[in-house]
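Letters A, B and C mark the chains as written, and numbering starts fresh at 1 in each.
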Amino acid sequence: MKLLLHEIRHNPLLWLLVFVPIAFVAEHLKPEAHTLLFVLSVFAIVPLAALLSHATEAVAAKTGDAAGGLLNATLGNLTELVIALTALKAGQYLLVKASIAGAIVTNTLFMLGASFLLGGLKFHTQEFNRVSARMQAGLLFLATIALLVPSVLIDVDAHAGSDFTQSLSVGLALLLIVAYALGMLFSLKTHRELFASAAHGADDEHGAPWPIGMALATLAGVTVLVALISEIFVESVQKAAEAFGMTPAFVGFIVVALVGGAAEMASAFSGARKNRLDLSVGIALGSASQIALFVAPVLVLLSYVIGPTPMDLQFWPGAVAMMLIATMTAMFVTVGGRSAWFVGVLVLMVYLIFAMTLYLLPPQVT
Amino acid sequence: MKLLLHEIRHNPLLWLLVFVPIAFVAEHLKPEAHTLLFVLSVFAIVPLAALLSHATEAVAAKTGDAAGGLLNATLGNLTELVIALTALKAGQYLLVKASIAGAIVTNTLFMLGASFLLGGLKFHTQEFNRVSARMQAGLLFLATIALLVPSVLIDVDAHAGSDFTQSLSVGLALLLIVAYALGMLFSLKTHRELFASAAHGADDEHGAPWPIGMALATLAGVTVLVALISEIFVESVQKAAEAFGMTPAFVGFIVVALVGGAAEMASAFSGARKNRLDLSVGIALGSASQIALFVAPVLVLLSYVIGPTPMDLQFWPGAVAMMLIATMTAMFVTVGGRSAWFVGVLVLMVYLIFAMTLYLLPPQVT
Amino acid sequence: MKLLLHEIRHNPLLWLLVFVPIAFVAEHLKPEAHTLLFVLSVFAIVPLAALLSHATEAVAAKTGDAAGGLLNATLGNLTELVIALTALKAGQYLLVKASIAGAIVTNTLFMLGASFLLGGLKFHTQEFNRVSARMQAGLLFLATIALLVPSVLIDVDAHAGSDFTQSLSVGLALLLIVAYALGMLFSLKTHRELFASAAHGADDEHGAPWPIGMALATLAGVTVLVALISEIFVESVQKAAEAFGMTPAFVGFIVVALVGGAAEMASAFSGARKNRLDLSVGIALGSASQIALFVAPVLVLLSYVIGPTPMDLQFWPGAVAMMLIATMTAMFVTVGGRSAWFVGVLVLMVYLIFAMTLYLLPPQVT
């Protein structure tokens, strides 16, 4: 507990934890103040996500290399998963899908691009492990293909019907999970030497190591808190978006993705500033491919258990195009293993183009 | 003849030749047993394709380097060409097009991916000639673009009319054949040193060399047999597909392509297991680009002579998307010239996604 | 003036200047002879473009490195800009857009491919600066994405309406100009050493250096002449196209682009024949990305001032597909930094496919 408090005192991001109780109180007192609740829940989720990520890493560090890597890879996007599950339970499938696509696009373009830019402003050129980057980009490419196949085919022919979409979505979800598991076998076991410099890179940001009991307790407790706050967030987000003049597409793609990924972004940017671009690229692309290969299929499969109706993997064509472009951009900029500030600008520009388009998009399109 | 028998005795694949007479007998006795005829014709085509490929290589080995390479490159997909010609004569243009697209996708994804996987299960990492792979991928990319242009434009505007499609298809067919001829000039003549290690790689699979007379006789005789069996195959395939619960798209894309390419696959996989990935990549990409650049345009041009009506190059949009994705995947995985088992898994996953989608696709879509 | 005359005497391309007065006279005498006026204006624009390009380089050489580079980069496509502005003033937005897309496609495919081919016919293999090529290709990729986003989204949903398209186009235009400015900062200032060998490559084609006064006077005078000839060209082009049996799409994409870029092509091809492929690649990709990142957005913004109605960035889907394919082709062939004649053939084939398609396309499609 003392360690936890020490952690909180030395990490300004965690001071935002004060918004967690405020959000709960506000929800009880003013359940109709959607805009306020939205803002409070955003400020509350960010530090919880940071804590969750620390706790996961602490548990991973204790359980040894392979199991730790596995845990880290599985729980690394726990925040995104919990938010999406809450939206899934509420039957808000458009929000779930927008947040999946948005998290992929945001991690691939914003997190990667800002890391290149921030690192490049400090160092003339930076190098990173291109083998590792290429495998992550390869996984992401595979996942994007899997996600776009149903959308492309349905677009082609509206008669295809929902039975087809449904069984195809379940089949694709199972394929993606198998690919994800084999990818972990490859990077954590059979060919771990190729991924050397990116491993365990995040550890030294912490001070003293957390005892395993505290880490596990934090993991459990914070997950529950994230789930509770997510409910406030999901309930208020649409109404708040209208109040801010934002389209639902912009909220799902950009706002949810930035909120859910804030903790990883902090790590990725700090790595880039320390000239450890391996770490940044690993977090950005790893996180994106994890969402595509693990979070998205898990949501499809869980929708049969907890959702009002099954969810399929059919995305809005614009979302598919953005995911594909984001993946191709990532493949293109990581192929050489070198970076400079302008590479970051190029990647961020693509993200800005998407964000601007979504912001201006009339609501009925998505 | 003794050599031919020796070859047959030592190659278990050729024992399947017994199905050739069985198929002919069955067709006379039970012309309505489509499912049976389909299965028999599949089992009969596979060993014939293997013999054809051996005979072509034997003739190529005798006729010297440049002419041999030319011959090998031209007749390497003779089985696919004969099957497609039979379907063309029967006016089954959808089957012809599906088998062209399917052969490109299957060679690029299944043959390449399985080679990477089989080789990677035996060797930690494998290297291959990236210059050669890149040229093959480049040719394939060009061919895919040529094949998709009419489809994309027709999709855009239905008014364009068939006159336009027809003259565009003939023009593209001529362009593709010119590109194919120049590609052979490049790889067999002006820049042959770049393709060194892939050349003549297949030879040492055979025992004693075949005399030229036997090779030519085998080539001629087996081609006739393939043509006759193909007729049984083309007549029975649609009815049999229904009986097996397979969509026509699945049959054309996956079944025909796997049957027609069985012999090349055997060579490619055996090369990968012997750590000669150059050979495998060369066969897979070379075969795919040969179908796109030579078989497809030849079929378009021949359709004016032997088909009931001229055939164009307009494909179903889903087929175009699959060819484009397959080409991009091949370009991405061959750019580095290195491979490990997981690269094979990634490529095979893309193929599985396509196969699953085609299997589940309601029949009216294609 | 003596220098200018010396320049003209030693550069056969400039002898075409005689067509400038002929075109003006013909326009006064026979304003209805569209085909004649079209041919005369084409022959008149080519030498003017060459003079403009020489004058720009002469001014750039005098004003020092950074400012010179900036000037060269900004005025390098002055001919294309003036022609497009003339079409914009006449409200011919389809021609403006076709000439933008056509200039990108022609520079990327024809200029690059012909340079590779011409160089490759003389030298066995050629090398070029891949860092520089990759950045140009990256800029071009970004620009293509920006140009395709509105088209893709509008295609998806026709209800989106022109307000959305309009504000999105202005926003994208501003983003592109910022990216262009940052790209110049990167290549001329912070990371100029990466682009070393391509810089100032064009200089030694000239004999004696031009005095600054003459260069500036030539720049101003020739720009006015180009503007006047462009008016004849824009007025006659559609009618002449009909007379030649060419579709408007073919004229906008191919003819205008080849005419406007003739001067740069002469430099690029001459560089390739001197084994200075850096220069050729730099001109081809630099020119294409300049049109996408500078000329196109400037035209959108200027359409609010000088056009009858604002112009948006929504292109015909086929034009978007061609720009995307051209960019991907450029990225693919420049990734290795090596070239041989067949690479040029591949790239030119893609261009030929496009040209043939546009030539055959029924007029109502675009």
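Methods note: contacts are C-beta pairs under 8 Å (C-beta built on N, C-alpha and C of every residue); 3 or more make two chains touch, one makes a residue touch a chain.
None of the values given here were measured: they were computed from a predicted structure.
Student: In degrees and to the nearest 5, what turn takes the CA positions of chain A onto those of chain B?
Tutor: Going from chain A to chain B via C-alpha fit gives 120 degrees.
Student: When chain B meets its copy chain C, do both sides use mostly the same residue numbers (more than half shared) or mostly different ones?
Tutor: Looking at both copies, the contact residues mostly diverge.
Student: Calculate how many whole Å lie between the centre of chain B and the centre of chain C, each centre taken as the average of the chain's C-alpha atoms.
Tutor: 41
Student: What parts of chain A, by residue number, touch at least two of the other chains?
Tutor: In chain A, 335 touch at least two other chains.
Student: Can you tell me which positions in chain B touch chain A when the two form their complex?
Tutor: My answer: residues 124-125, 317-318, 321, 325, 329, 332-333, 335-336, 340-343, 345-346, 349-350, 352-354, 356-357, 360-362, 364-365.
Student: Going by the contact rule set out above, which residues of chain B touch chain C in the complex?
Tutor: By the definition above, chain B touches chain C via 134-135, 138-139, 141-142, 145-146, 149-150, 152-153, 156-157, 159-161, 164, 167-168, 171-172, 175, 178-179, 182-183, 186, 190-191, 194, 331, 335.
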